[in-house]
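There are structures below to look over.
Shared between the two complexes below is subunit A, which has subunit B as its partner in the first and subunit C in the second.
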Partner chain A sequence: MSERKLRDLIAEVKRGCVSRRRFIQTMVGLGLTAPLASQMLTYSGVAQAQPKSTYKPTKRGGGGALKCLWWQGATLLNPHFAVGTKDQEGSRIFYEPLAGWDHEGNLVPMLAAEAPSLQNGGLSRDGLSVTWKLKKNVQWHDGKPFTADDVVFNWEYAADPATASVWIGSYKDVKAEKLDSHTVKVTFPKPTPYWADAFVGTRGMIIPKHLFEAYKGGKSRDAPANLKPVGTGPYKFTDFKPGDMVRGEINTAYHEPNRPYFDSIEMKGGGDAVSAARAVLQTGEFDYAWNIQVEDEILLRMEKGGKGRAEITPGGNIEHMQLNSTDPWTEVDGERASVKTKHPILSDTAVRRALGMLVDRASVQEHIYGRTGVATANFLNNPERFRSKNTKWEFNVDKAAQTLEAAGWKRGPDGIRVKDGKKLKFVFQTSINAPRQKTQAIVKQACQKAGIDLELKAVTSAVFFSSDVANPDTYPKFYCDLQMYTTTMTQPDPELFMDQFCSWQASTKENKWQGRNITRWKSDDYDKAYRAAEGELDPVKRAALFIRMNELAVEDQAVIPVVYRPRVAAISSKLQAPLSGWDNDFWNLRDWYRDA
Partner chain B sequence: MGAETWRRFRRHKLALAGALILAVIALAVLFGPLLWRVPINEIDFPAKLQGTSWRHPLGTDDLGQDLLSRMLYGGRISLAVGLAAMLIAVVVGTAMGALAGISRGSVDAALMWITDLFLSLPQLPLLLLIIYLFRDSLKMLVGPEVGVFILIVIVIGGFRWMPVARLVRAQFLSLREKEFVEAARALGATTWRTVWRHILPNSLGPVIVAGTIDVAAAIIAESTLSFLGLGFPPDIPTWGRILFDAKDYLDVAPHWAVIPGAAIFLTVLSINYIGDGLRDALDPRKVM
Partner chain C sequence: MSRYLLRRLLIAIPSLLGISVVLFTVLALAPGDPFEELATNPNVPAEVRANLRVKFGLDDPVAVRYVRWFSAMMQGDWGFSFASRIDVDTLILQRLPVTLFVIGSSQLLALLIALPVGVYAATRPYSLFDQIANTLAFIGFSLPTFFTGILFILFFSIYLDWLPFVYRADISATGWRWYWEHLRQAIMPIAVLGLFQGASWTRYVRSAVLDVIRLDYVTTARAKGLGERVVVVKHVVRNALIPVVTLVALQMPAIFGGAIVTEQIFRVPGIGSLLISAILANDTPVIMAVTFVFSCLVILCNLLADMLYGWLDPRISYR
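Then we have the complex of A and B:
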């Protein structure tokens, strides 16, 4: 979709001919994230939808205990050191950011009084600053008032390299200043299209200045409050056993009326995904279990008991097949799959195109992943109910065979196609995981029919996903022809996500295979579009660029998207918990309640 | 001697039954694929997780693949791996044990040190190392399946000879002092002849039993390696792998797990009984 078409569409939204929701659906169908689409509207002057809260209880407390199960327990409770989601979620019980992301990508104010926009003067036209108005009358759990000083302190804290905050990337280049006791201005060194990064969502939880001031920099890890959080959230800290249990009790001075509903909260760690799902869906011992990666058939069987349901939340994770652009079987300068080489067979466009037609995504979805994996043609996310009709994929063995035939790949005596003495034979690796091995089998069968021989390889996950430089079987080394895994999208803006096709990100020996471009695919058009998007302030132009990038990568078959994988949580049938694929599970814990 | 052994073996009813079952299994995996020509990897979703039927006598797995043809194909590999690994373990173990038992002194001590050394090696890390070092070069040489077969057989066999060696050495130490050995020596038999004709046949009983247990262990070890991604490619249906794939569906499709489980169980049990019977039949001291 071109920039002009986008503008026309936005104009229609403005006139009211197209609903806001419909627009976001279309954008997501094109491979954009919901937050980005929502941002486009905000920038173009369409007021952000006021996300309606579905919270019903009319008084604070009285809900008893909320028991949650995290099969990997939180190990520390300072959001600035929270690498894994388990630690982020543990911190999120007690701390809040200025705003969070809801499931449609709307910015929901938490500690901010309102979401910044052009209309309310929060955003500047030049994209160089954003002004946050803070909510008044917010108190820390120890009774001290929450002010702009706390927000500015969080920037100083995170931007200091000695603190070693995991979110330093979001804070080091920006500047935060206090305008008055409840207004903070964030300035950027260059026009920044994605301004809702610092102080927002997962990376934006605010810690109190009066408790952490003495522990900024090198002493950051010694702060007693790292293990005994004092935040602004709906629950106050009571007890913490690292890796095992986080407990909280109701914050009676919470800054939202009638919230929270529960008298206490318990986040229990340990176990595995199947037993966690069972504890919620079958036995009903717990109210909520996070991230249950269980085959859908097993989930469906558990749900039959009626004690709970599996909640599917769209996010940006995608299971995809990668095609190696470089030659993994020849060593150049001491490294296989060097960027100086070209794959002897996969560099043939016809072969790549044929492979794309040999992945039976419909069967993979229907018979393996069920609700937990949706067939898709896009690399950027594609939630089921938003599925676009514009993008296509097809499964067609005959057409694949014709494509190969036309490109000069003729069947040999053993049924495997040959051209110029090169046999159409690939090694296809993935991690050990029952659904992945089944997908491998499905792809292999289709390839066999079309005259391609696949040798399947399965590597144990601990090795496959490790960054061990000495091991040849890790996914960043990609020492084989094809591989498959899920790449995760950790933040709502696609900029960081889409850098995995930039040529300068190629994973090589030089950068110890830390580069994000695993396929080592190279396209000048893509590089140019990415560079342009980095500095493009107009969200509409920027969106058009991201759509173009998605098309470039998918059309050239650098990767073959297989299924889009939403987040899955187990929720007891009476619990109401608004979830979002663009933020933590606990992003809106204040609105959680149980139906009577 | 053959007729005599056979007569004695026949007296052991369980061993006879075991031999029969093993023969049936062996014949089935050898000639079954020639008669039952359904491909092992024909995916047929509408037929997934079905029980016994005329089209699929042993039912299907979760991709609708025919279990009978997979079992027959996998049996070849599992049996071959088990027997070959057992053979290596028994041959190496007997040789080491016999050498140590007969030579005494420093050779005995050195060999037993080596045995202890092997026993104390952490097997899994070493396995990983060996497989990483040699997998690719072997694959180039003989292809992925044969390469992995050779590697697994050598690795499993090479790590299971130590108990055999100790058993044989213990037998040798006790037998060499027995009167009949002394008598043989007094008659002028060479050491080689005493070992070959007198001590070895008498010490074979425990070795055969240990060997039969090794077959079972090798079949299991092969599935362990497959589980770690170091065994055969994931689409090669060995018995251990079929069992592993089936475990999550035990409550909806029990046949899928029961069939390979029963096959492994029957094979191991039959081999054990055959070993039992063979020991009785070969033991010259036992009167039957």
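Then we have the complex of A and C:
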């Protein structure tokens, strides 16, 4: 979709011909994130729909205990050290950011009085600053007032490299200053199209200045409040056992009326996903279970009991196959798959295209993942209704065979195609995980019919996903022809996500295989588009560039997207929990309640 | 006696030292990095990870790290967990009571089953009771705990809906309800561990008693006109128990190992589940501390077995 078409579409939203929701869904279909699409609208002057809360209870408390099950227990409760989802969720019970992301990518104010926009003067036209108005009369759990000082302190705390905050990337280049007791201005060093980063969502949880001030920098580990959080959230801290249990009780002074509904909350950790799903769907011992990575068939059987349901939330995770652009079998300067080489067979476009036609995504979805994996052609998520017209997928063994035939790959006596003495033979690796091995088998079968020999390889997850420099079987090394895994998009802005096709990000020995471009795919057009997007202030132009990048990578078959994997949670049938694929599960814990 | 004890304790020191060296080296050589998640997360700049590694001294040579760990350990500082940044001894102390309760009760249950059943079966070999006990014992120790655990959950929790299968260390109830809730949630893990252990011990008790019961002094005791009860309890069981005691004491640490799986299945927040999550997170200080505690237990249990010998058999003396 070109920039002009985008602008036309936005104009239609402005006139009311196209609904805001429809626009965002279309953008998501084109491979953008919902928060980015929503920001595009805000920037173009389309007022943000006041996201309606569906919260019904008319008084605070009285809901009893809310029991949540995480099959990985929270290990720490300081949001600035929370690299794992479990820790972020544990912290989110007590801490709140200025604003969170809802499932449609709307910015929902939490500690902010309103979401900044051009209309209310929160955003500057030049993209160099954003001004946050803070909510008044917000109290920390210990009774102290929440002010702009706390927000500015969080910036100082996170930006200090000695603190070792995991969100330093969002804070180190910006500057936060206090305008008055409840106004904070964030300034950027260069025009920043994606401004809702610092102080927003997971990376934006605000910790109190008065308890952490003495523990900034090198002493960050010693803060007693690391283990006994004092936040502004709907629940107050009562007890924490790392890796096992986080407990909280109702905050009767919470700054939203009639909230929260539950008198206490507990987040129990440990065990495995299947039994976590059982505890919610079959026995009803728990109300909520996070990230239920269970085969859909089993989930459906568990849901029959009627005690709960599996809730599927679209996010940005994609199970995809990568095609190695370099030669993994020749060693150059002490590394295999060096960027100096070219893959002897996969560099043939016909072979790449044929492989793309040999992945039976429909069967993978139908027989393996069900609701938890939706067939897709885009590298970024893609609900079926809004599939991009430019990227299509098809499963066609005959056509694949024809393509190979036309490119000169003739069948040998053993049925495997040969050209110039090179056999069409690949090694295809993935991690050990039942659905992945089944997918491998489906692909192998189709390839065999078309005359391609696949050797399947399964590596134990602990090794495959490690960044161990000494091990040849890790995914960043990619000492293989093909590999498959799920890449997760945790950040709402796609800029970081899309750098995995930039040539300078190639994973090499030189950068200890820390580069994000695992396939070592290289395209000058892509690089140019990415560089342009980095400095592009106009969100519409920027979005068009991202859409183009997605198409470039998928059309050249740098990767073959297989299924898009939404987040799955198990929820007891009466619990109402607004979830979002762009923020933590607990992003809107204040609105959770149980139907009478 | 006390000199013997002192000598044994002194001998234990070099073995513990050796164990700690081996553990530390193996962990240092093993692949993995406690800040793995930071490396794979594109939001986090590489400097954060590098900073943390320097701060926690992970880039130093293994020998230097070992000496640092050892000297800190000598001063009672067990280090802190990389994952939760909490002192390791606090973490272990938090988990210890639950493990001791679950393991202790299961051992008690195992002994309560093994001793009477084993002795009774041995006094009436090849009777119907003996046959049944034998069969059940075979079944019991052939089924691994992870299998029986899941079987129990499926039957008692999901099919019958009687018992909860998620173990919660802190239950917000008071008085009798508190005990009742604790009992309800502990029944399954204790039964799984206890029955498995009890089954194998039954076989040992039976064969030990069978060995003794045929000896001449037992016949003499019977000839003296002593009652069957006295013969069995005072003369037979006491002597038969000697090999059993060794076995029980030596298997103690292995049970902690077996409890790791059971703890994972029932989500018991014990030391075993701490070890598993620490291993998965490459949290070296915690792995070190927990495995070190386990090795201390092995050595202590060995010592305990030797001390019990003397009490059971006065002919054994300590020099």
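Keep in mind that, in the parts below, the second predicted complex is superposed on the first by the 587 of 596 C-alpha atoms of A that agree within 3 Å, B and C clash if a C-alpha of one lies under 4 Å from a C-alpha of the other, contacts with A are read in each partner's own complex, and residues count from 1 in each chain.
Note that a contact is a pair of C-beta atoms (placed from the backbone, for glycine too) under 8 Å apart; a residue touches a chain by one contact, two chains touch by 3 or more.
Since this is a predicted model, take the numbers as computed values, not measurements.
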item	value
Touched partner set for A:E295, first subunit B, second subunit C, both or neither	first
Partner with the higher number of touched subunit A residues, subunit C or subunit B	C
Touched partner set for A:V459, first subunit B, second subunit C, both or neither	first
Touched partner set for A:R203, first subunit B, second subunit C, both or neither	second
Subunit B versus subunit C as contact partner of A:K438, first or second or both or neither	first
Partner chain in contact with A:S363 - subunit B first, subunit C second, else both or neither	first
Shared subunit A surface residues [contacts with subunit B and with subunit C]	463, 471
Subunit B-facing residues of subunit A, complex	295, 297-298, 301, 363, 366-367, 432, 434, 437-438, 440-442, 444-445, 448, 455-460, 463, 471-472
Complex interface listing, subunit C residues touching subunit A	31-33, 36-48, 51-52, 55, 80-81, 83-86, 91, 94-95, 153, 157-158, 161, 164-166, 168-170, 172, 264-267, 269, 273-274, 277, 280-281
Subunit A-touching residues of subunit B, taken from the complex the two chains share	41-43, 45, 48, 62-63, 65, 132, 144, 227-229, 233-235, 245, 248, 251-252
Contacting residues of subunit A [partner subunit C, same complex]	65, 69, 72-73, 75-76, 81, 83-84, 161-162, 164-170, 172, 203, 218, 221, 226-227, 239, 241-245, 247, 264, 266, 268-272, 275, 278-279, 282-283, 285-286, 462-463, 465-468, 470-471, 490-491, 496-497, 499, 514, 516
